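After this come two complexes, each holding chain A, first together with chain B and then together with chain C.
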Partner chain A sequence: MKLYRKLPGYMNLWTFLSLFIVILILLPNVSILLNFFTQETSNWQHIQEYILPLLLKNTSIIILFTGILTILIGTSLAWLISAYDFPLKRFFKWGLILPLAIPPYIAAYTYNGILNYTGTIQTILRNKLDFTVNQDYFDIMTLPGAIFIFTVFLYPYVYMITRTFLANQSSSLIENARLLGGNAYTVFFRIVLPISRSAIVGGVSLVLLEVLNDYGVVKYFGIQTFSTAIFQTWFGMGDLNAAIKLSATLMFIVFSILIIEKLLRSRRRYSQTSAKVRPLSTIQLNGWQRWIAFSYCSIIFGLGFLIPFIQLIDWMLLTYRKIIEPAFVTLIGNSVFVAFVGSLIIVTFAVIIANFARMHQSFIAKTSSRITILGYSIPGAVIAVGIITVFIKIDNLLFGVYESVGMQPSLFLSTSLFMLISAYVVRFLAVGFNAIESGFDEIGSKYTEASRILGMGITKTFIKVDFPLIKGAILSGFLLSFIEILKELPLTLILRPFNFDTLSTKAFQYASNEQIQEASLASIIIIIISGIAIYIFHQVLEKGPR
Partner chain B sequence: MNNRFFIISIIALLSILSLAACGNTSEDGDTSEESNGAKGEINLYTGRHYETDQELYDQFTEETGIQVNVIKGKDDELIARLDREGKASEADLFITADAGRLHIAKEKGLLQEVKSDTVNKNIPDKYRDEENNWIGLTKRARIITYHKDRVNPEDIQTYQDLTSDTFQDKVLIRSSSNIYNQSLLASLIAIDGEEGATKWASGIVDNMARDPKGGDRDQAIGVAAGEGDVAVMNTYYLGKMLNSEEEEQVKAAEQLGIIFPNQETTGTHVNISGIGLTASSKNKENAIKFIEFLTTKSAQEQFAKANYEYPANPDVEPTELLKSWGEFKEQELNLTELGENNDTAIKIMNKVGWK
Partner chain C sequence: MYIQIKDVSFCYANSKENIIHQFNLDVTKGEIVSILGESGSGKSTVLRLLSGLETPLKGSITVNNEVMTDDYHFVLPEKRGVGMVFQDYALFPHMTVSENIQFGLKGHTKKEKKQRVDEVLELVNMVKYKKRYPHELSGGQQQRIALARAIAPKPSLLLLDEPFSNLDADLQIRIRNELKDIIKKTGITSIFVTHDRRDARAIADRIITMRDGAAYEWESICTTHTVDKKRLEVIK
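Take a look at the complex of A and B:
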């Protein structure tokens, strides 16, 4: 005990655990990133000369517009739902998260299926009204089309995190502003936006990372971005080195954005001062205003969920006889199992790191919180190969152990679910972390400091004081990770054990053969399970203490 | 509230445990057979995702008692996984839908020779690797479709015709990230040399009706919709469209004619789906049995029937639909050249601005 006391203040269990997790996350990435320091290849010159400018252009346009649009839609919806009452608001509260349940690449195929020449809309126009349209107006496979898909299916990140934040913490500031005579616009732009900045940034950085990572949508739409180029360089040209350089360029962009934002935010921190956190009181909208609010929510909900969902159901009715089989029950079991275990580990790790990072404003603490994002910013396939490398090393090291327990030396870990779940953790830690970090941001440090001054240790403070306060944030972190894993594709595809299928690999199996109609059943089940998850956690959040 | 939260957590945990229990039993079942090999098992990595392939595997298990364990993935990533796993890999077999990729796997030393008279008898030399490192199972031709009303088939007899002035802004083709296009260009590099291939690719880019996008089916639909007049696609996609559940897809496909390009000259580009025996295979005997099984007449018939591909075994007839399109002359080309030229093909595409 005495020895423990002598250690510097920051050397405690939280520190050790955090560093341990950070190393776990770094390991697979480092095994790949080491390639960065090798000699430039002739391929890299080729890339610089011919495709890099195009990649930069396309990627920046997509990021910029998706970023702006998701912020606008996400925060405006969060504000509407938190501050006003209008028809069906209780439904929209969680319904507006539902687009997150649809994997963007499925959405891309589905929207093309609705809009193209053989699609529902054009077919009706042509066959019923004898009206043939200009294909250009119905072409979604364009740069703006990709931005549309990303915006409409990823804005819930911003919406969700911002809304949780507004509901729990903003009441005193906003009500004061209202009392002082601020109108709706002043309140929104001068109070809501600034105070929820960290929540918005948390949400939008998830959106952007997801976009940078996406391979399915941009490949299908024929748009060259960093992720398509990384694949082409690595697999097509067989040049891992140049692919890593591309990855590194991408990561450089990501980190620059995050750092610039952090600098701009500088020291502005909003800490809760009142002991009582009250929900924001809502204003009843009247007359035309309520219908505008209602229509706005309906349009977004329709585009992001209802329309593609109905199309998928229509396709399912066409094809289910051919593809339904008892094995679908196993698929559901597998999907839910990996998603649940993965998310559980993710939130545990995220809480540990987030708590460590806010306790210590040291360099290590700050860095470790940024490192969580590493796995989320690199394309899935790159991480996958890093993970395989690490696991095979571990298995080789463990050959002796395997023998001593009477097993044949084999790739035990790397052919088990252990590898897949670890990969999920590396990949989606950022998702859980961002939610939980903004939860901590939201409660500030007043309570924690009080508790520490009154003599409680960090761990005890966490259990008695912090945990009850951030329970909501932990749940939303869990929910987001759960849905992410449920619809995750590249890692699941390559890292799964033999004979292990999930709903998303099943959907991909058909989609990759250009049989989107046949992919509908598995997609619908993914959507329904995610939908149930969204609903349950919404209920828990709603009834929880604020 | 606290109670409710905990009850939910407990229910959730219980459901995990029960699922885990189910999951474990099935996994144990798989691994226990590994050690003795009385009946045995084989482990397969495959880049083909057709439901009907699974039916063939099941049939094999039924006939021989040998269990087939499968990981389905994307071809390139499976190669990367094999590569990383090295000698320790559990995989015995690797199936992919592109000869170029099989060649890449071979070059990386991931495959080994298949010694089997049955296989050599069933599959002609030209669909096998020179050292029998991989064996072709099915063929697909990359053909040109045209709109029956708007195009005179006389004008479009070769891949080179696609670059003629007649089809200015009329050509629909997928993006350069698509392996089928990479292999097509790789074959042209082998036949016409790098310069000729570059000229061709650049002519294609000039004649493109729109930026490349979508899959093969989307190109065909584009022709039906009037966005372009001619499109490049694999045969089986047209087969699938003609047999689609969706009436409109069938209607679109019916407007299209089909050309096997370069019949008078160098022949139509053909690619294969093939299988390789991994260098690390630990169940070699069973794995070869499996390859032999896939080349048999009955398996080949099923392969071909299900996915509108051409069987690699010449004794097996293609389906009626394919027969109705007639026989055709294939490129005289060793398929390994597709793999050798893949890198160059991608660079040419980047240079000429093929998106």
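Take a look at the complex of A and C:
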């Protein structure tokens, strides 16, 4: 009866389109989960016996240490910046986010280029100081090296979320603790850490999902993880079925992380109930303390941004004459084209689902928006496997059609750019969706309701009222997805059509072919564009909660 | 009866208890009815149900012999021909006063639309402000524009949700008398919701109160609660 009465409110284009999009998004993921239970191949038995234990060991070591280290660095920096004043603090406040602009795979080969036998440091030591070092100390292409890269370039997730939380939410609690006579040490461990727990958990789970998504770092360093194993079984052994089983295993790990996150966060709420937001008043550090704070921030900023960036610029100056030629322009054209088309589809889909979800506060609507965000948690390699299984099925279904039109290739869609772009949409829909959803949150539903009562239908209301009011949010959703696609690596590597290269795949190829210096120009372009995105994001964060 | 609300029950998605329970109300044509109640009593929800922004779980709503909601019908809000003045006015911030008012006028020529805009602006005494944007108006001015926008399409029913809650006390007294005159001039059947007894008394032909999600005649409450009645006389 209840549902029956509500039905007329649902009967519109937005509902149908939303449900259609949700099914499209679910299809590749479901196909992986279903295929997990298909017949085992001999490859899979081999993998299970000899490779899987190693994958699980490597993955857990990387996740555990990267998790602990990013929490330590991210939280301590967030607290220093929120609570104290010291030299260059205002610069560090946003400068410490910049490492996010450097994708870990670029950082990985840059650091290798700095540290290896022919790299900057060893060359200087050898030629200027006549000093030869033990190569073991300078080898970054190891498990600890990968943990170093992930920590230094992903800690900003923890830092950003925790700092925003501390700046906006905590002032009265922390000031009370100070008034009650707590020293800096007790305030940090007894108050700051517990109250920011949910922010820290949120940040670190983003870090871990990025780590699981990574292909570039571990591939370059030669470390066996799920991403590399999926590639290997698929392309090396030609066994898509085993690749699907590996993907499904990785998906279970991802879901466990998401569930643990949910459990850790939802038990207690640490946000203030009062609407008044007063920033935390800062304490001026004096004497040696201020220099310790300054040095700490400088070291992290240097490692995470300055050193690799300067190195890349140096290499770029050496190689740009050789690199800038028509092929490179094509590369930029390709990158911009896929990013543009992908982002356009993403914001269109995101607007449709976000508008549907806010109109109906029902179970279906909430589930739809949850599913929309799902793709962002799922590693690129897994999405790639899911997408390709779906596309091969479609191609098989359309085989007759291809023949009747006289087309030769039997695999048409699954070798096209269309497949790559679909994969981008599945993976980054969340990025566009979050931006647009917050835009809708900001305007609320009153204008929409007023318009409908004045006689405009849902679609007309959207065109005349909602769209002009959330233009800004749509634009920022577009930009953020554009940049995510531009620097994406694993999906692009797997799904790109033959001979199709983007900035990121080309940079990675150069680096893999021991042409690290040639990779610098493409890398710098990616870093600068990501830097712009971070700046936009930072501006939004600075405005604080709405 | 012009408006007939019969045994309506409603429950918000995130709550277990019905906020509206067995609600009944009849309103005759041209009548101004005020629904008086504390915050959270469900009085604004009644307006949302009447306008079609929410769908009742049970019961039926009829306006001018046309069924708006029952087990087999549901008329979408844009098809109901109802006017509503929102608590915070909800004037479209990206449109001028004139564009805001024209928004609801459909099936007219440009000239007719302009004429109607002038008419209603005349009525609320705001002709001078035609070209302004909402943020360039004071709270009282915005309220009048919201009223003008609601009555411009000549709705069959006018709903007002706490129309004075955002105004300061002085303005409130001036505007509520004005409001009554304007509504009476247009002759539109109106239901308005308030938590302020003086507002209700000043404007309404009839007052009903809400308790436990249902409606009661004002008089019945007064006779059972003598203390309340006395206090009311003091206010008067």
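General observations
In this text, the second predicted complex is superposed on the first by the 316 of 546 C-alpha atoms of A that agree within 3 Å, B and C clash if a C-alpha of one lies under 4 Å from a C-alpha of the other, contacts with A are read in each partner's own complex, and residues count from 1 in each chain.
What we mean here is this: a residue touches a chain if its C-beta (ideal position, glycine included) is under 8 Å from a C-beta of that chain, and two chains touch if they have at least 3 such contacts.
Because the structure is a prediction, the values reported are computed rather than measured.
With both structures placed on the common chain, the touch criterion links A:232 to chain B but leaves chain C unconnected. Once chain A of one complex is fitted onto chain A of the other, the partner contacts of A:362 are limited to chain C, with no touch recorded for chain B.
By the touch criterion defined above, A:446 lies against chain C but remains apart from chain B after alignment on the C-alpha atoms of chain A. By the touch criterion defined above, A:372 lies against neither chain B nor chain C after alignment on the C-alpha atoms of chain A.
Looking at the superposition, the partner that touches the larger set of chain A residues, chain B or chain C, turns out to be B. Once the two complexes are overlaid on the shared chain, A:465 sits against chain C while remaining clear of chain B. Contacts of A:455 after superposition: chain C is touched, whereas chain B is not reached.
Contacts of A:476 after superposition: neither chain B nor chain C is touched.
Residues common to the contacts of chain A with chain B and with chain C across the two structures: none. Residues of chain A touching chain C in their complex: 1-2, 4-6, 8-9, 361-362, 446-447, 449-457, 464-465, 468-469. On the side of chain A, the complex with chain B involves touching residues 46-47, 50-51, 112, 116-119, 122-123, 135, 139, 141-142, 219-224, 228, 231-232, 234-238, 318-319, 322-323, 330, 333-334, 336-337, 340-341, 381, 384-385, 388-389, 392, 395-396, 408, 410-411, 414-417, 471, 490, 493-494, 496-501, 505, 508-510, 512-515, 517, 536, 540, 543-545.
Per the touch definition, chain C reaches chain A in the complex via residues 13-14, 51-53, 55-57, 69, 71, 74, 76-84, 86, 88, 90-94, 103-104, 106, 149, 153.
Interface residues of chain B facing chain A in the complex, by the touch rule stated above, are 1, 4-5, 8, 12, 15-16, 19-20, 22-23, 26-27, 30, 34-35, 43, 49-51, 69-74, 76-81, 84-86, 88-90, 104, 174-177, 182, 210-218, 221-222, 224-227, 237, 240, 244-246, 248-249, 251-252, 342-343, 346-347, 350-351, 355.
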